[in-house]
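Per-chain residue numbering starts at 1, and chain names A, B, C and D are given in the order in which the chains are listed.
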Amino acid sequence: MINLSVEIAGIKFKNPVMVASGCYGFGREFSNFYDLNLLGAIMVKGLTLEPRIGNPPPRIAETPAGMLNSVGLQNPGVEGFIKNELPWLKQYDVPVIANINGHSYEEFAEITDRLAGVSGISALEVNISCPNVKNGGMFFGTDPVMAGEVVKRVRAKTDLPLIVKLSPNVTDIAEIAKAVEAAGADAVSLINTVLAMAIDIKTRRPALSNVVGGLSGPAVKPLAVRMVWQVAQAVSVPIIGMGGIAKAEDAIEFFLAGANAVAIGAANLSNPMVAVEVIDGLKMWLEQEKIEDIQHLVGGVII
Amino acid sequence: MINLSVEIAGIKFKNPVMVASGCYGFGREFSNFYDLNLLGAIMVKGLTLEPRIGNPPPRIAETPAGMLNSVGLQNPGVEGFIKNELPWLKQYDVPVIANINGHSYEEFAEITDRLAGVSGISALEVNISCPNVKNGGMFFGTDPVMAGEVVKRVRAKTDLPLIVKLSPNVTDIAEIAKAVEAAGADAVSLINTVLAMAIDIKTRRPALSNVVGGLSGPAVKPLAVRMVWQVAQAVSVPIIGMGGIAKAEDAIEFFLAGANAVAIGAANLSNPMVAVEVIDGLKMWLEQEKIEDIQHLVGGVII
Amino acid sequence: MVQMLKVKILENKQVLPDFFRMVLAAPMVAKEAVPGQFLMINTSDTLDPFLKRPISVNRIDQEKGTISLIYQIVGKGTRLLTKKNAGEEIQIIGPLGKGFCWSEQDKTIVLVGGGCGIAPLVALAEALVQTGKEVFVLLGSQCKEKLLGEDEFKELGCTVMVATDDGSYGRRGFVTELLDELSQKKRIDQVYCCGPLPMTKAVVQITKKAFIPCQISLEERMGCGIGACIGCVTKVRREDGTIDYKKVCHDGPVFTSSEVVFDD
Amino acid sequence: MVQMLKVKILENKQVLPDFFRMVLAAPMVAKEAVPGQFLMINTSDTLDPFLKRPISVNRIDQEKGTISLIYQIVGKGTRLLTKKNAGEEIQIIGPLGKGFCWSEQDKTIVLVGGGCGIAPLVALAEALVQTGKEVFVLLGSQCKEKLLGEDEFKELGCTVMVATDDGSYGRRGFVTELLDELSQKKRIDQVYCCGPLPMTKAVVQITKKAFIPCQISLEERMGCGIGACIGCVTKVRREDGTIDYKKVCHDGPVFTSSEVVFDD
């Protein structure tokens, strides 16, 4: 028997394969394709205090082996989530991780406050790295002091496990990881999308109405693996690795680099079955390699 | 008649399509495929003061729509270049740009000194962004003060036009661009490779012997276009844009984003004819769009 | 139910200089699909292109269990599609989105189509004719050579009128002029429109002025096609007058024209 | 001269469970190619895979103007290659690298091959037989089913000996044991070796001890295949004893065994 279960920040996950925020809505669409109970966890679409309508279209552009998005955090707001989405999600036996976003320290604190007592939420993913909203978002994630301060404010409001989501758009991601660990993060997740741009040469306009957007998908995998490996050397909190995972082999790279769990983002959009395929593929590979526990793989890269 | 010629830092280029350092050796290999006189310029393999044998293999790994390399600046040294490579290159009527590298400010100054009087070199490309050598390399390119200092030291040693090559592995590339402009750069080139990693899950070892390496090729194009666009807002020196160009349409994106010229790197490896194809494609596109001068395209993205 | 399937390609043939028809053996999809719905199509087994491509259902044959698509060659993905051979399998998701709807009472129907937007109107025309409605089809095209579907509509028993930009066939001018005239001559119960945005906007204006209910099928760049990424939105006016974004893939691609807010 | 060409595929067929043979109509390449040289092959017209793949020349037919390749399915690129049909075109660069060389005086030759490394030895055997040499071919394989080329070597008139890991055919054990024995029985003028690295290392050791000149064909991960990226290096000892890296694609893939430094 292969053991796929992992414990991160005190939460038990039946397997280490999660679905990344913003690439899975609130799960409803994927319930047509498979039983959501198969998942390790669901990281829901980024939430803000108030509902947001997001950026104008076009919001999506395809790039070589990847995609840009500038959805701009369209979401029903934390209240809408609690009222209309969470009850539906609760029918499943899957940890729900709420991805939270703020324009200011106060807003981060307030949204945390609002979620703190709510049943059905297993952890918060503190998004200090969204490149798609002006004022805030990624801003907090590019400076260790600000990043730490966000975590402290959130920490003060809840006992829920805190997963802090890091931005790849920095010179030294290990330094940010250390700062959020010191400020009380229970885990880190990385990477968020890479700030990028594409231009439609026919119209001579940016491919996205927001001009710039976030690059994700297989194209960014080598960058993400490098950052996971660097962060794994720098912190002792668990790491949820993501960025370009589209098959089991990709996930294994992240485990070897030091991730304790992985999340799949953009690949859910190109292949709605991908999460199940990765879980199955992981199991098969571990059996074949006679590795009894997925944890034996973590950080196992031979340097 | 379409005008493809550009002037950058006082040098006339017959067209704005260059070949990027490290992806073209010293040109010999490509002379089997086409007349090098067709090129805008040749940026030769990175040079160091002393010959270097580089990193052990494997030095190359393929990634989705891209590749990693950790050649580690294998090169014959500045003297070897002047003696064995430059005379051969001089038979062509193409500007040769020497890509220079150092471990210290002193080394940068010394290599410049050695190249300053040599005929047949049109400009220096100061590489403060190579991710593939320990101590130095990218290090200088991630801090505006150090980046500026390198440029000052080099500037003091030569009147040759200085093109400073920027690293994408930074939080704020515009800030670095401004610092090197202030220090005397005549132009900037960007992007160098993105620090990245891949793991061979069969051997559980890094795909590169050097553990990490530089990601380039189409995968990084959206990141490169974004950075060129940001730098174009920040500085007034000309920009040589590169990162993932594999066809004329890609080059046009860079011009629209603000590049005055472009360079092609990794695509030379997958398609030795790519530079000629891009030049021809550019001409055809300009004709079709009735644009008489390539310069009319520069920075033409409609925001 | 929406499904991801590997289905067999029965036919993949050029029908016009820029257009191919692909016929798929997909009984489950054929059973459920409604005109106006679409499929997400995998154009490659590699990572380039990365995303699937949305293509509308062109004909639905429940008996044979087949779905026909008409696609225009515009870029990388559609070019790769042309390389597929009959007999090969292709991965699809579908049927997706909200299709056209119609009511018993409507008698006289006008379909307005342009470019590749004509493709989904064929399935619609077939369904409308079967329910006994009188169907006028107004088709716009750059020139005769690029005109899609005329014969099919005629075979179904529709009255077809054509406008071409260069006058090489039918009326020289815009298809919307045909609509304008027809709406003055005939009592029209419902207009359905699918085509380039400028055409759609003009049709919406004409029908609005003439108080004719109108359904429009929209295109937007898609990530997933299933409603998960909120990438493919179009601007709508909520009942309270405020602005919102709705997903073209999930809430559309067919919208009531009055609901949609066009910018500019 | 090295060229980039689009050439026609004449044949692309499975020859063993994991191996395909591809025959290309490439008169210019056939005219110039030397055994041991290789081609860079475009496995896809998209950006995935991004790089071309090196495959050795397996047979050269100057008269017919064809080149045959044998490739093993190991990953993405070779899997895509299996999908190509006869009649399609494929982009190649070649012939590349430094092939095997031989001298008039050599009379008795031994080829040692393992896995897909057997492929280039067929062209070499053909050339050597034509110049009147006695050629022994020692082949290693996991099992009988995975053994490449035996019949071809026999047809050429070579003496073939086989070793399999599982003993399902020929000697149970390593091909290097065959070499060891043969070298004790026969005066060997030259050994040529192409196969997995551990095999190559063992062959180099044996030939070194027995003072037999040996040429080995090496593999390394390639970027360009033409000598431009310095990606594909192998460690060599310069004449002055210092260490250097040489390019497998340009200075090899065939090296004199004494030149190469093996790590471990």
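We take it that contacts are C-beta pairs under 8 Å (C-beta built on N, C-alpha and C of every residue); 3 or more make two chains touch, one makes a residue touch a chain.
Values in this document were obtained by computation on a predicted structure and should not be read as measured data.
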{"item": "Other chains in touch with both subunit B and subunit D", "value": "A, C"}
{"item": "Far-end chain from subunit B, centres as C-alpha averages", "value": "C"}
{"item": "Length of the line joining the C-alpha centres of subunit C and subunit D, rounded to whole Å", "value": "55"}
{"item": "Mean-CA-position distance for subunit C and subunit A (Å)", "value": "36"}
{"item": "Between subunit D and subunit A, distance of the C-alpha-averaged centres to the nearest whole Å", "value": "47"}
{"item": "Centroid distance [mean C-alpha coordinates] between subunit B and subunit A, Å", "value": "34"}
{"item": "Residues of subunit D touching at least two other chains", "value": "47-49"}
{"item": "Set of subunit A residues in contact with two or more other chains", "value": "63-66, 217-218"}
{"item": "Chain-level touch network, classified as line, ring, star, complete or other", "value": "complete"}
{"item": "Subunit A-touching residues of subunit D, taken from the complex the two chains share", "value": "47-48"}
{"item": "Touching residues (chain side subunit D, partner subunit B) in the complex", "value": "1-4, 47-52, 93, 220-224, 226-235, 243-245, 250, 263"}
{"item": "Partner subunit B, residues of subunit A touching it in the complex", "value": "63-66, 68, 142, 169-172, 194-199, 201, 203-206, 211-212, 215, 217-223, 225-226, 229, 244, 249, 252-253, 256-257, 285, 300-303"}
{"item": "Footprint of subunit C on subunit D - complex, ascending", "value": "44, 46-49, 76, 80"}
{"item": "Subunit B to subunit D touching residues, read off their complex", "value": "22-25, 28-30, 32-33, 45, 53-54, 56-67, 69, 71, 74, 217-218, 246, 266, 268-273"}
